[in-house]
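Quick heads-up: structures coming right below.
Consider the two complexes below, in which chain A is the common component and chain B and chain C are the respective partners.
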Partner chain A sequence: MANDWPLWEVFIRGQYGLSHRHVGSLHAPDAEMAMLNARDVYTRRNEGMSIWVVKSADVTASAPSRKGPMFDPSNDKTYRHPTFFDIPDDVESM
Partner chain B sequence: MFEFLLRMGDNTLVLGHRVSEWCGHAPVLEEDIALANISLDLIGQTRLWLGLAGEVEGQGRDADALAFRRDVWDFRNLLICERPNRDFGHTLMRQFLFDLWHFERLSDLSLSVDDRIAGIAAKCVKEADYHLERSKDLIVRLGDGTVESHSKMQTALTALWPYIGEMFTDDALDAKMADAGIAPLPSSQHVRFHKALNETLAAATLMRPTNDFAQMGGRSGTHTEDLGHMLATMQFLQRAYPDARW
Partner chain C sequence: MYAQEVKSTGLVVKPLDEMSDEERAFQVRIDAGEKIEPKDWMPDGYRKNLVRQISQHGHSEVVGQLPEGNWITRAPTLERKAILLAKVQDEAGHGLYLYSAAETLGVSRADLIDDLLSGKAKYSSIFNYPTLNWADMGAVGWLVDGAAIVNQVALQRTSYGPYSRAMVRICKEESFHARQGFDIMMKMTSGTAAQKAMAQDALNRLWWPALMMFGPPDADSVHSAQSMAWKIKIMTNDEGRQKFVDQTMPQIEYLGLEVPDSTAKLNPETGHYDFSDPDWAEFFEVLKGNGPCNVDRLRARNIAHDKGAWFRDGLMAYAEKRKIAAE
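And now, the complex of A and B:
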């Protein structure tokens, strides 16, 4: 039965000011049920302010084999890394 | 008042336990978790109602004592809450009929002149609202689904139909509660309930049974055999090992 249902990825925003985070996936016949299921499976301990559900098939993912060209961070180019700034203590959630 | 609180708390306790029997057995993982959540919500509501009932009674009984140390004839739940799960469709139909009644009842009780009752109802009505959204959605999907799902939902509706009448039948206690402004008469919900029910049944392409026969007795302690079997399981630990803690 569940095998006929598409897979959905669930994103939850924990509080205002933060972005939605991927929390997991689930099966559901359509978006409405995916939303209800997401609420039941992932938000029962006060985690959520907002939920997004996206069909897994609609996610375009990068290929692990392209890791080098995609992500090699050129660590020798220190000017690319914003590590020379002090972040004030009052700034939360950076 | 004590009796009235038992009626509220026993509904959610007995149905909550029934729904929990699905834990680990539901047709798909997502439904399994959803049913367990509903069960936990209902048992959480039970703690509030029976906790207050124990306070009002003043005999030193807390919610646990009331839940695990009373016998069948002391339970005051609607009969529909104790009906066995049978198949998934039957469970969902029972849930939907209860949710529809429960949501309206809690909405009314949130206006009670008794602050404690109004407070509990206002807290529980949010959960009931979600339960109803979910069960109504599933009734429409399965009723207006395949030939097989339609026929299962129709069978469930016909089987549970005689248990609706009890929800709206007033007795002497109801009259007292209504006079005191604590809770409106159950019969005052009748029209609203059936209007909402008709809308959902139409959307679900289900036929409304014409028989008006109603099974009664749960609210005054006359139960079906099934409740005794359920309590035997539910109360086993506290009966065999009184005061056991862990």
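And now, the complex of A and C:
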């Protein structure tokens, strides 16, 4: 095999109302073939009703090693969660 | 199992206090049951072992298509043919999931495939045995996929995220494989005396190679401690083999067949079946390349690869041409 076909990431919507989820990756020469291969590799048992394929090279990913500084801004803002607030029992549902 | 030849780094497991900070943090994550993802830091040995194990596993799926592919055109009914075709297609899919998982560790698909085709990389010994008649399709699905399930169910808990996720997908599909095999066996054992004899013959020939799938006895695989500590390996060879025998013996009985091992019987004290060792000398010969079908299997893969080259190149050339036209 002289050269690898480009790598594609595959996203599948399992059913209406759900978002597309990453299921894996595959090699294909172009988007059209990536779509057909994704169907054959990842949806042989009705797993999907819609497929997205994206060239892996086009995905920009955050670095796990920079997880700390990356997500730090939300770590100290516990007031963003509803559980932060004590609501008296007398106030029924909120 | 599907990666019987991963001898590991030969490293002894270091105690936590002798590890570097990075190694210790890594081991602590694994001990806590966290999954390791592709871009996380990992020891070189972990990466190397995983590449070997996952690629051998992938190669086994790919080569595993050959003994069954041979029977697609010879299936006794259209229904059996459609089922077998779907199973063999699954095996190709499993190979692809696994190659993708291996690639996340920084190796290229082309290199993995080259290593298979040149004979440098290994695949499971089981696929170097021939499938002589239709009963073998039953026995392969039932025993070979049954043994694979024992291993793969455990591997769903492996520490490497992409490998674990591939195992989850594979296990879902694998039970179809085992059941369709058992279904063939049920049909044959309820048929004529000649059909039942074929089923017994297939069991006789495939029983021992199926036991070998789990790899050499624990006493002889001294290097697996590190793989266990890294949760690359989840259970020992002997544990897997015992589990397989325990679950298969009642099925053999149900079919009205006889296991080709006069020592195999339930031990009331342990609650497990006692059984004999397969011929380990034969196992090592098959691994070395001297099994009944090693040469055939590699030749078939090489022919398929070479004959498909013009098509793969053509698709790429077409994609390039359309890209240029669009610019």
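What we mean here is this: the second predicted complex is superposed on the first by the 72 of 94 C-alpha atoms of A that agree within 3 Å, B and C clash if a C-alpha of one lies under 4 Å from a C-alpha of the other, contacts with A are read in each partner's own complex, and residues count from 1 in each chain.
Keep in mind that, in the parts below, contacts are C-beta pairs under 8 Å (C-beta built on N, C-alpha and C of every residue); 3 or more make two chains touch, one makes a residue touch a chain.
Since the model is a prediction, treat every value here as computed from it, not as a measurement.
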| item | value |
| --- | --- |
| Simultaneous placement of chain C and chain B on chain A, clash or fit | clash |
| Touching partner for A:L36 - first (chain B), second (chain C), both, neither | first |
| Chain B versus chain C as contact partner of A:D72, first or second or both or neither | neither |
| Touched partner set for A:E92, first chain B, second chain C, both or neither | neither |
| First, second, both or neither for A:R44, with chain B first and chain C second | both |
| More chain A residues in contact - chain B or chain C | C |
| Contacts of A:D58 with chain B and chain C, given as first, second, both or neither | neither |
| Chain B and chain C footprints on chain A, overlapping residues | 1-2, 5, 26-27, 29, 33, 40-41, 44 |
| Residues on chain A engaged by chain B in the complex (per definition of touch) | 1-2, 5, 26-29, 32-33, 36-37, 39-41, 44 |
| In the complex, chain C residues that touch chain A | 37, 39-41, 86, 89-90, 93, 96-97, 100, 103, 108-110, 113-114, 165-166, 169, 172-173, 305, 312-313, 315-316, 318-319, 322-323 |
| Of all residues in chain B, those that touch chain A in their complex | 27-30, 33-34, 37, 130, 133-134, 137, 141 |
| Of all residues in chain A, those that touch chain C in their complex | 1-5, 7, 24-27, 29-30, 33, 40-41, 44-45, 61, 63-65 |
